[in-house]
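Mind looking over this structure? Questions follow.
For clarity, chains are labelled A, B, C and D in written order, and residue numbers in each chain start from 1.
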Amino acid sequence: MPKLAYLGPEGTFTEEALRILAPQAERLPRANVSAALDAARRGEADGAVVPLENSLEGAITTTLDEFAWGGPLLITAELLLPVEFSLLARPGTRIGRIKRVFTHPAAITQCRTFIARELPDAVVVAAPSTAAAAQEVALPGSPYDAAIAARIAGEHYGLVELATGIGDRSDTVTRFVRVSRPGPLPEPTGSDRTTLVAFLTDDHPGALLEMLTEFSVRGVNLTRIESRPTGDGIGRYFFHFDFEGHVADARVGEAISGLHRICADVRFLGSYPRADGLSPQVKRGTANGDFTEATGWLSRIRTGQV
Amino acid sequence: MPKLAYLGPEGTFTEEALRILAPQAERLPRANVSAALDAARRGEADGAVVPLENSLEGAITTTLDEFAWGGPLLITAELLLPVEFSLLARPGTRIGRIKRVFTHPAAITQCRTFIARELPDAVVVAAPSTAAAAQEVALPGSPYDAAIAARIAGEHYGLVELATGIGDRSDTVTRFVRVSRPGPLPEPTGSDRTTLVAFLTDDHPGALLEMLTEFSVRGVNLTRIESRPTGDGIGRYFFHFDFEGHVADARVGEAISGLHRICADVRFLGSYPRADGLSPQVKRGTANGDFTEATGWLSRIRTGQV
Amino acid sequence: MPKLAYLGPEGTFTEEALRILAPQAERLPRANVSAALDAARRGEADGAVVPLENSLEGAITTTLDEFAWGGPLLITAELLLPVEFSLLARPGTRIGRIKRVFTHPAAITQCRTFIARELPDAVVVAAPSTAAAAQEVALPGSPYDAAIAARIAGEHYGLVELATGIGDRSDTVTRFVRVSRPGPLPEPTGSDRTTLVAFLTDDHPGALLEMLTEFSVRGVNLTRIESRPTGDGIGRYFFHFDFEGHVADARVGEAISGLHRICADVRFLGSYPRADGLSPQVKRGTANGDFTEATGWLSRIRTGQV
Amino acid sequence: MPKLAYLGPEGTFTEEALRILAPQAERLPRANVSAALDAARRGEADGAVVPLENSLEGAITTTLDEFAWGGPLLITAELLLPVEFSLLARPGTRIGRIKRVFTHPAAITQCRTFIARELPDAVVVAAPSTAAAAQEVALPGSPYDAAIAARIAGEHYGLVELATGIGDRSDTVTRFVRVSRPGPLPEPTGSDRTTLVAFLTDDHPGALLEMLTEFSVRGVNLTRIESRPTGDGIGRYFFHFDFEGHVADARVGEAISGLHRICADVRFLGSYPRADGLSPQVKRGTANGDFTEATGWLSRIRTGQV
């Protein structure tokens, strides 16, 4: 039974993701993303589950920067988890009596309509996380009457669910990844994604175009690009890339080798099955068989067998 | 005397930026970026000053999303402000007696070395902003002994500066922008930057490469690119671009017209003098004179005067 | 009734092309392509008809070089003429008695199968042109028994057609163009082609890729590219381009203006209806309306109306 | 002592090239390029020397088409030969008495100034080759008084040189290649050229741009591109490419493998030392060592050693 660290405390959406990704795992909540990843790096845990991006809020920059600068880790799985907010309160609380609500600022933003309609007079206070809000509300003398959090947080902290699905949008999704210390990669499945970080040798005009061309010329489709500051002043960035395919695929291997040749550094962050199960459209001439055939052809012509 | 809203409360780095950008302006602190921009949109202020990105933390996503989705505004100036953290306390406080420090999490991260060396036993507590931390510390019965904040916050709240320049890096910079309601643009200076947001018509592979090619083929150099989620699910993004030149420049005009033709929407966010005063390297054939000459040539050949 | 010079003598495939392109024209045969074009340039003729390329032999390099270096001319029409070779002889000649055949070398190559099967013992002699061959065969004391030429040559010189369609391939085609002195262009028809010549400023690596990108970024499809030596040593070339669309089309105008800006020289050679009647696939964002709309948008944002 | 076929008859510029490329070789003149190459293919000769292009006239299309469609051959060497025309006559001929000059049409064009100045009243007649012209003039009862040809032709046929260097330009050059039947390639020298022919899978817009991108993305510089008709109708072409580097170079190998994957067919025509001795500018990240390093890196990450 593997032990997995995660972004805690108990009752976070990340815990929910972990339970789906690894139902049998022992769960180790950690105070923040860095602490969860460090637990995996140091061997306290066999791996970790952390959020990577959210369809409304965007990238979780702490996760991106940990992957880029912290000790090496590999992504081995991903999960797309719908974000469903619930209004949670101590047993016996009536919705009409709620005066103070505690939750994370993102939840305030995303539940604006519900709050305006159902809790027009309530004071809404920002909490460090939705799970921490629920934890606080559960305390006997809490100044807060309700929390907005994942349903799972109610179960953990003995709160009851007064309303559920209270977000303005029903299609908000967070993408979580499971990571491990470096080791054998997940096998290719035909529906894989690869993640890496690329650092430019210098910041010349056209550098990004060159990087994208390394992918496009081998028919590798990007699914995400994020720029992040290197820390060395405004205007200096490095890039996170997600793209279709597995590093074991010939086209992916050649594309990222090309990237490696033109970049100051490329940090590989894993190849793993796509959560959406989509298969890539493989461009003419870029299937594994095409590469194998071309390699044979090249060997023949190099030895004069034309 | 213009009135400018800014990310408050009094004593923020944004206030410092505003004082440099518009020393004569009346300053209207607002609780957050959205409120500051709304003050400008609604006419309560003549404009606003907000942070756009930081050389360590990256983009201020609230600002990016306000620019993309909120009522239209134009950037008219930018400023690169070195981030200099000070340790601030009530008069009479001795550094050796500091038990509890209050500041923004980014400041905790960026002053890690100083804290470990000078305040090894202090508890450091997260505040919503550095200015709010200073404000709190200034209260007579505050549970906190010191704040880490901008020097300006000390002046505002009557705190003394026990140490300054306490960040781990001396070169951290935040980029601030001044915005106005739409109206006449700043004149081209020869050292200008243009900012816009582009939304894809669909998320086909190669869309980003196509957008970058619209710039590169006219010799327009990008200085920043940020992807942000559209909100319509993981894997759907729009893009913020900063690039060299003024929209009055022929090469810039043609490039962004090309972008406009292939995108679902392009929102122009302004052309304004670069804070770093750098002039672009104009690629052969892309100066204004080259465009004028080519236009004349095209007119002649269209009328058969070859 | 216009007067048109053409590549003579009477009886050439070019005459056949001219009769189709301009049935009413007075025909002025000239000894070679240069002489025909010069007749147009000097005003002896109102225009000229010359071959540009053949589907088996390729470009007619004399024509290409005349268009690039000679006095300016504009292509106003094109024609794709199937090349149908006939075996022509003096009346009374029986095919079994043919000992010596006279024709142009290209015809020898293209009629190889017929010659081997029907004239296995004949000596085949190279002539300067098929029409000249027919002219020679028609002379009373000619040493040749038959010519391979266009049927029209037989009509001119009083020869009879012993066999027709004797080429190895039935799909060989020559492309002819009609040219005029510079003047108003043919109106756009929606199925047009444009021809030009581009000279590099210098021969840097990637120059050709840059030129092609000027076309592709505006969605202009090339239909022919020919490199020709500049005369200044091996490795120095200029380029002939044919592409879809009319110079009056916005996408074509912008593309060739871009080409003009990055090239040492661009010589426009005309926009004219395509002989094949095909309409271009107009890429998203590159129709005339898209350009008009983008121009309006750019004007608005340049004046701050966002 | 190798036997080499060449474009004859004796006295051609090709013979001159052959004598420089292989001074010791036994020389087998053949009537045309095809016959010379066939002699090599069939083993009558160990190889052949033929012209490939001329700095004024352009490509020798017969050679290009033989290389593309005929039995396989490999280029093993190239030579750039200055074209120096001489006026040759039977001994005793005085220049003032020359009435009829015999030479190849290209020589007529290229010696126009000399002819106009020194032989203003002479009739100039077109010959199938300069060497054939000299051969004819050497015949006792020849109707021609002089030939314009290579000096070497005079030596062969017993003519005297009345003038030399009579071309309008002194820098005209012809590029000759030596070919062999397929077999081991010349070793890389650091200053090599590679030649191949590429056939498109279909004639979609952008196909040429795609091919060029396969080269440019690996930093391989083209030195020549020629389009030739496939024979299947106007608008259908294949391409000859010359480019810097040897097929043994990693960047060249990967580039042409990429070309092979996206093309219907690629015919390799050899890697051989450049006649001009120039070394390529190797773009950052494309040296052999960069490829070796990247291959090692890829192997490591594929096995999870990040």
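Heads up, the rule we're going with is that a residue touches a chain if its C-beta (ideal position, glycine included) is under 8 Å from a C-beta of that chain, and two chains touch if they have at least 3 such contacts.
In UniProt terms, the chains line up like this: A, B, C, D = Prephenate dehydratase.
In this text, all values refer to a predicted model and were calculated from it rather than measured experimentally.
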*From chain B, what is the lowest number of touch steps before chain D is reached?*
2
*When the C-alpha atoms of chain A and chain C are each averaged to a single point, how far apart are the two points in Å?*
60
*asked:* Please tell me the distance, in whole Å, between the geometric centres of chain C and chain D computed from their C-alpha atoms.
replied: 26
*Which residues of chain B are in contact with two or more other chains?*
213
*So, with touch as defined above, which chain pairs make the list?*
A-B, A-D, B-C, C-D
*For chain A, which residues are in contact with chain B within the complex?*
53-58, 61, 80, 126, 128, 169, 171-173, 175, 205-206, 208-209, 212-213, 216, 221-229, 231-237, 276, 281
*chain A residues touching chain D - in the complex, by the definition given at the top*: 72, 74, 182-185, 201, 213-214, 217-218, 247-248, 253-254, 256-258, 260-262, 266-268, 284-286, 290-291, 293-295, 297-298, 301-306
